[in-house]
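One chain, chain A, links the two complexes that follow: it is found with chain B in the first and with chain C in the second.
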Partner chain A sequence: MYAIETKDLTKRYGKTDALKNLDFTIDENEIMVLLGPNGSGKTTLLLILATVLKPTSGQAKVMGLDVSTQSTRVREILGVAFQEARGFWRHKPADILKFHANVCGVPKSRRDSLIDQIFKDLELWEARNKLFMHLSGGQAKRLEISKIFVQRPKFAILDEPTSQVDLRGKRQIWAQILKLREEGSTILIATNEVREAEYLADRVTILDKGQMVVCDTVRELKDSITGGDIVELEVEAADPRSLQQELSQLEGTVKIASPNSNMFKAYVSMAESWVPRMTDICYRKKARILSIRVTEPSLDDVFLHFTGRALGETPNA
Partner chain B sequence: MRNALRLVWFDLKPELKPPVWIIMEWVVFLVQVGVYGAMLSQLVTGVENYNRFFAVGLIIMITFDMASHTGRHFVEHAHEGRLPYLLSLPISRAKLFMAICLQGGTELALMLAVPLSVTFLIIGNLTWMSIIACVLVLFWLGFGVAGLMLGLSFIAFKSSDLYTAIVTGLSTVIIRFSTVLYPFMFLPAQYAIPAAFSPLTYGSDLVRFILGFDPTLLLNPYYAISILTALSVSTLGLGVILIQRLVEGVKSA
Partner chain C sequence: MREIYVIFAIARNDFSYFFRTKWLMAVLLSLNLSDMLVVAMVYKGMMEYPYFTYFVPAVIVMGLFAASLDTGRRIWLALREGVIQYELSLPVSTKGLVIAYLLAGGAAAIVYASSLMAIALLVLPGGAIWSAFMLLPFLFVLAVGLAGIAATLAAIASTHGEFFFAFQNIVQVALLTLSTVYYPIEVVQNYLPPFLVSVVVANPLSLAATALRQYTFAGAPIELSFLGQILLSATPFAVVGAIAYFWALRKLQIKGKI
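And then the complex of A and B:
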C-alpha cells in the first residue's frame, strides 16, 4: 500500500485547471518533494491531501483513507505546515504550540518538554512569549513549521517550509525534517527551492500547469538529461587536436569545445563513467592532466530540460 | 467535542486579556439606559415606563450584533488565512461549526452579563424561572441569527467587503423594521409588514412577555417561539450542511 495515492485527481477553479488528471504515489517513510513554479498546482495538491480543499474529480488517499469520504480520520494522522502562518495575531507562540499539541493528541507528559525543545532547536526560545503579531517573518515561518515537529504526524505536509528563513534556520529545519523521517513519518514537501529539494528529497515530482511532468530520484532526474554533465579539463598535450577528436568519439560525449589549446569543455552524459575513460585516453596519448572539474546539472536544469522553461518563469496560462 | 471546546477557549482567551471591548459594551449600555432611555421615557407616553421596554430592546440589539460578529469572525478567518488551519485540524466540520457557534454564544453571555443584570434589576419582581427562560430565548435568538450570518458568510466568502455590506444593510433593516424599539401595534402598516419578517421582532416580544410586559403590546408568544425555533433549526442546519459540503480554505492562504 502506498502512503499517498492519487488517481485522475483534478481540481478546477472556474475555467482554470489547477490540477489535471494527476496520478501520483508516495511510499511510506519517503520524503517526496514537489517542485514547480508558482501556479503549477503544488499548493492545491497539498491542500487536497490535507482535506482543506475538495477535489473536483478523481480520488486521493492518505494511508488508505479517502480524503473526500474519510476526511476526519485523515486529519487525525496528518500534520500541515502552511506556506504562511497567519491569523493568530493576538496569540503567543507558546500558546499556539500548546493548543496545536493538545488538539493533535500529543500526550501531556511529553508535550511541554517537546515544545521547549523545538523552541530551542529552532531558535524561537526568546520569542515564545511575544505576541504573534510582533514576530518577524522568519520567526512566524519557523513557528508554523514547529507545529509539525511538535505533532510528529505519520504524514507531514510542508508547503515551502523554509521560505523567508535564513540559511542557518534552513539547515535547522532540514535537520528536523530528516529526523522526523527517521522516526517513520512520510513527508511531502512543496518548494521551488532547488537546493532544498536536492538536500531532502528521496524522490522529486516536477509539476507544471497542474500536471506531473516527471517523478524520480534526484540522481535519475539529473542523469536523464543527455549531455547534462559538464567536464572542464586542463591538459598538457603534444597534439591537442587529436586528443579532442578522440574525446569527442568517446561514448557519452555530446559536445566538446576547446576555448584554448590546453582547455577542453565537454558536455557529457553520466560523467562518473565518462571521466575514467577519458583519463585512459589521456594516458595513452601521453597528455598530462592538470585539472578536472565536473559540474552536474541542477534541478533547475532538469526542470528546464523537461518543461522548456526555467523554474522562476511563470507559465503561460 | 473536547477539541472543539479547546478551540473555543483558544480563541476566547486573547479576547479576555484584557476584556476591553466587553467592558466598553457594558458602559455603552449603562449610558444608553441611564441617559438616553431615561429621557425617552419622559417623551413616550403610549408605553408605560418606556425605559424598561428600551432596555430589553438594547439587549436584543447586543444579541444581534454579537451573532453578526460570529459570522464576520468566520469570514475573517478565511481571509486572514486561518481557515485552512482550522480545516486541517482533527475536528469534524460539524463540530468546527458548533465550536464557532459556541464561541459566539460564550462571547454573547459575557457581553450580556451586566446589561441583563441591570435590566432584571430595573424590571424587578422576577422569578428564577423567568430569568432562565429569558436567557434561553436570547441564546436561541443568538444561535438563529448567528446561523443566518454564517450562512451569509459562505455566500460572501470571496469578499469580506461584500459580507460587511450585506450585514450592514441587513442590520439596518432587521433592527429598524422590528419591535426592538417600539411595539408592533404602534407601527404604521408599511413598517409592520417588514417587521413581521424580522426575527428580532419575535425575540424581543418573547423576552418582554417572559419578563412580564403588558401582553396587549406584544405578539403571540407561542407564535414567537415557533418562529424562533424554525429560524434557529433551519439556519444552524443550513450552516452545518454548508460547512460540510462547500467550505474550503481560501486558496491564496
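And then the complex of A and C:
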C-alpha cells in the first residue's frame, strides 16, 4: 500500500484547472518533494491531501483513507505546515504550540519538554511569549513548522517550509525534517527552492500547469538530461537568434535554451571540445562573449529540460 | 470521544481569545460598568421608579448580547487570516468545528454576563444568587443562539470584507430596538404597530431581560414555562448560525476561498 495515492485527481477553480487528472504516489517513510513554479498546483495538491480542499473529481488517499469521505480520520494522522503561518494575532507561540500538541494527542508528560526543545532548536526561545502579531516573518514561519516537529505525525505536509527563513534557519529545519523521516514519518514538501529539493528529496515530482511532468530520484532526473554538461554562455550579439541556431548545429549539442536574449544554456555531451568550437562561431558572428560557465545539471535544469521554462518563470495561461 | 476532546480544546482556545482581546474588554467593561454603577445608581436616587432593578438587567443582557456577537468577529478573523484552514486540518470534523465555535461564543458570553451579574448581586438580597444561578443554563442557550446570529453574519460578510462590522451594527440596533431590554412593553405598544409588538415580545433578548427582572431582581418564583420560551426563541438562531457557518466552510473547501 502506498502512503499517498491519487487517481485522476482534478481540482477546478471556476474555469481554471489547478490540477488535471493527477496520478501520483508516495511510498511510506519517503520524502517526496513537489517542485514547480508558482501556480503549478503544488499548494492545491497539498491542501487536498490535508482535507482542507475538496477535489472536483478523482480520488486521493492518505494511508488508505479517502480524503473526501474519511477526512476526520485522515486529519488524525497528518500534520500540516502551511505556506503562510496561521495564528490568531493575540496568541503567543507557547500557547499556539501547546494547543496544537493537545489537539493532536501529544502526551502531556512529554509535551512541555518537547515544545521547549523545539523552541531552542529553531531559535524561537526568545520569541515564545511574544504575541503572534509581533513575530517577524521568519519567526512566524519557524513557528508554523514547529507544529509539525511537536506533533511528529505519520504523514507531514510542508508547504515551502523554509521560505522567509535565513540560511542558518533553513539548515536547522532541514535537519529536523530528516530526523522526522528517520522516526518513520512520510513527508511531502512543496517548494520552488532547488537546493532544498536536492538536499531533502528521496524523489522529486515536477508539477507544471496542474500536471505531473516527471517523478523520479534526483540522480535519475539529472541523468535524464542527455548530455551531461551545461554551458552557460552570456554574449552580446547583434543577432542572437541566428547565433543560437548555429550553436545548436554544433557537434555535441543536445539542446540550447535561451532564458533571455543575451543568455544561452547549452546542454552538451563534452564541454571541453564544444567550448572552443563555440568561441570560433561567436568570433565569426561578431558576438562578444561576456561570460562562460560550465556546470552539472541542477533540478532547475531538469525543470527547464522538461518544460522549456525556468522555475521562476510564470507559466502562460 | 477523541473528537469531543478536540471540540472542547478548540472551543477553549476561542473562548480565551475573547478575553485576550484587551481593547474589546476595555470597551465592554467600561460601557457596561459605567451604565451599571453610575447611570443606574444615579437614576435610582433621582426617581420613584425602581430604576436599578429595571436597568441593570438590561445592562447584563446587553453585555451577554455584545459578547455573543463577538463570536462573529472571531469567525470572520479566522476566515480572513486563514486560521480556519489550519483548524480544518485538525482531527475534528467540519461539524465539530462549527459546534466548537458556537459553544465558545456561548461560554464567553455567559462568563462575561455572569461577571456583570455578580457585581449586581452585591447589592441584591441573598436569594437572588439562587435564581441567577438557575437562569444561567437558559442564558447560555440564548448566548449560543446569539453566537449563531453572529456566525451567520460572519459567513455572509466573509465575501464583503469589512462590511461585517456594518452588518453587526445593523443587527444589534434592530434586535435591541425591537425588544424590551431598555423600555417596558407598554411603551412599545404605544409606538409600534401590533405585528412589531409581537416581534418584541418573542425577541429572546426581551425574554432574557424580563426573566432577570422578575426572578433575580424582583425575587418572583421562577416559572419553567417562561424559561422554556427563552430556549424556544434562541434555538432557531443557533441552528441557522450553525448551518450558515457550515455552509461557509464547505464553500471554502470547494472554492478555495469564501
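Operating definition for what follows: the second predicted complex is superposed on the first by the 248 of 317 C-alpha atoms of A that agree within 3 Å, B and C clash if a C-alpha of one lies under 4 Å from a C-alpha of the other, contacts with A are read in each partner's own complex, and residues count from 1 in each chain.
We adopt the following convention: a contact is a pair of C-beta atoms (placed from the backbone, for glycine too) under 8 Å apart; a residue touches a chain by one contact, two chains touch by 3 or more.
What you see is a predicted model, and the numbers here were worked out from it, not measured in a lab.
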Clash or fit: chain B against chain C, after overlaying the two structures on chain A? clash
Taking the superposition as given, does A:Phe82 touch the first partner, chain B, the second, chain C, both, or neither? both
For A:Leu247, using the defined touch cut-off, is the partner it touches chain B, chain C, both, or neither? Pick first, second, both or neither. neither
Output check: A:Ile189 vs chain B and chain C. Expected answer is one of first, second, both, neither. What do you get? neither
Which partner does A:Asn102 contact after superposing on A: first (chain B), second (chain C), both, neither? both
One more residue to check, A:Ala60. First (chain B), second (chain C), both or neither? neither
Is A:Leu143 touching the first partner chain B, the second partner chain C, both, or neither of them? neither
Could you list which residues of chain A make contact with chain B in one structure and with chain C in the other? 13, 18, 44, 47, 50-54, 71-72, 75-76, 78, 80, 82, 84, 86-91, 99, 102-105
Can you list the chain B residues touching chain A in their complex? 3, 6-7, 10, 13-15, 77, 80-85, 87-93, 248-249, 251, 253
Interface with chain C, chain A side, in the complex: residues 13, 18, 44, 47, 50-54, 71-72, 75-76, 78-80, 82, 84, 86-91, 99, 102-105
For chain C, which residues are in contact with chain A within the complex? 2-3, 5-6, 9-10, 13, 17, 20-21, 77-78, 81-83, 85-86, 88-94, 96, 253-256
Chain B-facing residues of chain A, complex: 13, 18, 43-44, 47, 50-54, 71-72, 75-76, 78, 80, 82-84, 86-91, 95, 99, 102-105
